[in-house]
């Protein structure tokens, strides 16, 4: 009996710090003799979107040159000899945190394959909601999968497409996938970029001299002195070759549903996304939060670093001093001591310390961007209180996170989400704050786009707060939500 | 002709980011079964005082157990098996940035040696101003030096002392050295700590249950939940063993001259040093700076992260908004790309990016803590201006740094210091700011201790601003300031 | 123009020591709780068949566990924690030297893939002569290749087979390939082994308690105390599962053509192959060589270690002393000094040294197993002569190697082979020997099997000596002998 | 109570393969622009004298350049950039296996120190028998020891000598030490070499063009094409500088007592030591062994590789065939699998395999060079018997090893030596041979020097067989044979 189905071995994606983690950033450049060096710099600017692994593939007119590894961009691409080997005037790059796909090296993007028409490297940010379904169909037709990454589904769809030209095969593949993706590809002749029809993940077009660049966030233009040109449109496919840039829109036109959580937490504050400066949006959310839920206090403190802009906005709105009541230690190595039980509770202090003399006897409004499981919030509230704060009022610059994301953000399963299990008062009691408030969904919308949520046709993807997913969730339909994609139990680097 | 003198091969200590670097932090604990684990946590909290290397030596009643390596604390001591091997209830630890001593592993502290009376491990923060003179005397009497560290001078002075008891040899050694030191030692029976008679470097005493702890800054108590007891007095020697703590003061009593630059830049903002909260002091310096030199502007921005407290103080004093006009990238690997000349100027953007939408068209007051060579200041001013700022007014929360430090801070030689070569207007022109101002020496003193500088008997060591060094500089007297201590050209780790 | 063909970039397979290198060894075991540990030991015994990389895949009833790396078996599998992670009672393993396929990690076997029917791991020794042709067909039908290894062709043939049961798909795949292979596979239920219809590469069946083992050479049974049962027949497929062992012979029956060079050089002397002890065969070849070409001399010396058995046979036949005239240094690291030109010629002495006092003034018969490019032979002859030998008579225990191997042995291209360019006298002059003789083809046959070569139907594959290849060489037919299989220029480990 | 003595923590020096291990080899060269490259090649030829670590120090006229590491020469010095950094025309090098001194990196030679008169690097082969006594005196006078190596004792004796010139201090130091040493040193002007007055360890002088070379064995001349000039005399000090070579003999003249075990086992067979070719000596020992103890048999087999020359000599003497009955696997990684108990007994087969078809039904004489603990001998006898040998007669080409060596060979303590606990018949029973014989002491002498042992004044050091040590054993006199030299429990590399 060979044909028995795989044994399900669910792997629960624990988050190590109780905070949603962005999964990926992409970068592509065409027509520049420093293609790989500029890609590495761009990926460095996108490091906040994925710290687990990074890769670049360049093409020199004859060969594709890949370099991929686990680790941070500066460590992987800091050696000049690595950059020198990545020859060519076109390159694509990727930083990642694993959402789908195990952490093994074979999943590190960009992925490369030899096709009938030549080689193609692919990298994407996002998550397909019908990837497993498509994969099962492809395997049943004889396709061999080497990774557990969604990107390989794209590869097989391209390989098995009946289309003639690469671009026909490419759009054929796009037409079959559901979900969120901002994708870049490198063939022997072209750099191709594509964004899903809802435009859930960011993707921007820029220019450095005569070179075109496509990347996840505008901060990657700034680091190399490139100019921001415009966002890539939802459903747009951009093809860049020696003849210049061509834009096609082969997919059905839909109203955009950009991920509102990019504004709350993920994007870098200095990025310009959909014509909005992220830092400015966060200050407005903080101000809105203050208008909705302020309470008498002596000072406003952020949970550093992500809570800083909203705390500045909050403090400005209510005229209270903004103070550094928590000091962050930036030197946290990858792993750390697991001491005996008696001292294990010290762990949270590895990252933050309360500034005792500031907090002693004070009523404190503490601003953070979100509560996921609530464990970190509980520890920080306790730390601030132990440092002598008289009152601790926790304010959150997003609505309660009650749902998992299926579009590329590594949230826990629903049952792990504090807000899925408790109302606000219940959460307040659990984290031990004197009061707790979240910004409202409408308040968040107003801060972001100046208007309340359009219930009939929401302006953003806010499924994690509202349970209204903008696409069908095909892979969930068969009830095997967490089935393992591969029987291969690959641990570590190879 | 064997006896020819060594050929001088000066090695100029370039700073990689144009900012003075603290050199060391120390930690010692006695009477705790988690001595090594707590030492590692304490060193982690002191990581800002030295990121190049770290070490711990423990004693288990029979053997000394050392572990030292280049790198950060979390990487060196993150493996539980490392902590397990560091057995014993007493330990001392050290983080360092090299001031004297090359970066090779043999210089990583604590240093250990077998003496006639048993083993002794030593670690210190500071710098001796007669180390080379002492070393030459010791070598001429047959002493063999294996490192180029000042700490080895202490070892030889102890080894060759005529004293009987360890503590007699120890104080004999202290009586021969000049300069600044906060020192911890571990013998088979005792933990010993000592601070130089001027108390230039910080050293504090704390308590965790029945265990005594001595460490550089109080933030190392916070991370392990220990209580701050008091600062160690200048010239005090503390001896801790199973009978408890004994304090002796074998050295001549002198008026304290604590390093005022610890308040400006080096110490962690959440530390309590000489009864002052560092963050609060920095805000006061920022406010004083505003009172002395404010100019009409639209916002106040810090150079993150070190300029943040002074910028908050400045903004509060003048009632302008405090904004994040520069975003810091925390993911800088140890090395990075050295791209071709055409794109090398991008280097500075690896660490910071200007928040373009915030700065466009604005008059900006930018607050930083110091100007050393001026190269970083020049690049950041240019970056802010290119992001669209209409005016850039640079404000520095310390007086002009005109002199090198010989007490343990890794400053460049005088000729490298911008303020040693130019007046304020000259510096302004070089960094390209619309205006430039430094806080005055008296303003700094007032912000720190509430009184102007006592010219007859200054309250602090401020030699880097005033050229008034509180000790003689013996090693400089012979005119061979930069002579190499060893003929051994050791590069890298071994 | 996307569809342009890949640019050919021939990579000439230089041999680093002028000696043909065996490419691979395989090992498979079923029904033993120490499956991975025994596989590692077996691979260690097969290390002479491939020193570049090794891998094991085990199956524990639920998951496949792989571990593969570049390096030697003892280094890769010496850590007990590695073996512990390779759970399960069935495993296959592989050692390799790259023939086809670049040295990158992604080519290290066993290869694994998820199929419609479950997972399958594959490893093989040998080389397919129609691999590129098959690969091109598969790619044109949408198959994605991730490696440049022949083994992946097997995977795709299995994946795209119309067969129902795994074994049907497996034999379907076998029926499409040409060339030499000794192959092992591991599915969720079975261990499968197969040998090509000509039986070119060795493959043996053994038993340890109730466990079945299939491996390349019998020395891998000895190391784990297993019993040799029999050789696997040419064209035989063996299927082992919990129900026991089943033998099927799905391929057309052909007369065996075992590689005669395995006897001359590749196999370990203590292995029993096709019922012959390799050491004994080699002594007989040496004796035959003596009968054919002896010359007056004082002693017989081997080129260690591979020339030792033939030299013993030669010396015994002619009654001359067998002496160690060349001493081998076994401590050759992976790379070594590339000194300046003036001392580069010393390189050959890294591995051997002439025993001067033995050789001085003597007439020496020196026995080696083969001459490939002749560079090493030239240097050793020169070394022996410089050590004082009066005459150096080189005797080779194989016929002149005039052709490349396409069945899994890493020989240079024809134009690199000394015997393809020169007659025996020409070769003698080039290597500088006083006389040179090779064993004749018939002499070799007699030593191996007791009969001269059957010209109509040779008993062995001897194509490297005779140019009579026992299969068609499909991939050569299109004239692009060395075209690169992938555009991906992957260098090093990832 | 600080002054308590160190706690004794004996560390028993287990041998991993039951065979005595040589400890060290030295190399020195003066006046060659490829000094470091030639040193690395020389050390490679000496690798058999120490596989644990290696180091080179060069001097370029201004600085000393060291490179030392754990591992083999080819791995440590194979990277050309390493050699390039070792600038200069004079260098000394060292390979080691630890006898005294723990395996930590700080013990790897050459050791370097800055002295009053300049720098000096030192490396030696041998062992001092009064090192601990000297060390204790030095420590009591204030000397600081950083390693546990004998070499550091030399350094301190030089540093504290009252002598004026380096050479005076050097000979002053030599006059204080007892034991065996072959020593090389590198100062700013000179290369110095010295051999102890008994000449226990080998040391030879050679010449390459105009460069002088001093090294442990002549095989290190051969690898670089240098000429052997002569052995360094016992008690001779050789000083080489730009003015040429000077020989002085400052020590009392004594009759030479060269280590006879160098001939039996340690030296390389191709070395010429004291005018004797080691391979030739070993064959003569084998012949002598045959004359003393031959028994009817079918073949003679060596335990490879060390037993090969004696087995050839034995077989030649009795006219029996010499056969490879045991095959050695040369690919043993540094560590290997520790499998479950059930398969642990397989361990010995990692290194050797019995050649079953050769041995089946045969009466075998098996020749090895020595029996230390007997565990390996027992396993190999068992392996040969299990392979079918009818009789196994073990012949040993040295007398029974009943005593430890204190002159630099890493033998176990007496109680671990099989011959110290059992007579020959007892040993035979334990190893399971049908007969066992050792060459006699007189037979060994005759084979080596053509005369029986001069009982009144033996021609060699043979203390390991006879208990007659040629020097006093000062360190043993105080009864603390194995006391630990340092309280520092340093494990591993740092």
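A few comments on the model shown:
Read from first to last, the chains carry the letters A, B, C and D; within each, the first residue is number 1.
We take it that a residue touches a chain if its C-beta (ideal position, glycine included) is under 8 Å from a C-beta of that chain, and two chains touch if they have at least 3 such contacts.
Owing to the predicted nature of the structure, the values given are computational and were not obtained by experimental measurement.
Chain centres were defined as the mean of their Cα atoms; on that basis the chain farthest from chain A turns out to be D. Spacing of chain B relative to chain D, judged by their CA centroids, is 49 angstrom.
Averaged Cα coordinates give chain B a centre that lies 61 Å from the centre of chain C. Put simply, the C-alpha centre of chain A and that of chain B have 37 angstrom between them. In chain A, no position touches at least two other chains. The touch graph of the protein chains shown is a ring with every node of degree two.
Of all possible chain pairs, those that touch are A-B, A-C, B-D, C-D.
Across the complex, chain D is touched by residues 34, 37-38, 40-41, 44-45, 47-48, 51, 72-75, 77-80, 83, 219, 222-225, 268-270, 272, 277, 279-280, 305, 308-309, 312, 316, 321-324, 327, 329-340, 342-343, 346, 349-350, 353-358 of chain C. Against chain B, the residues of chain D that register as touching in their complex are 1-4, 6-7, 9, 62-69, 85, 105-106, 112-119, 139-140, 142-146, 152, 155-156, 159-161, 165-166, 187-190, 485-491, 494.
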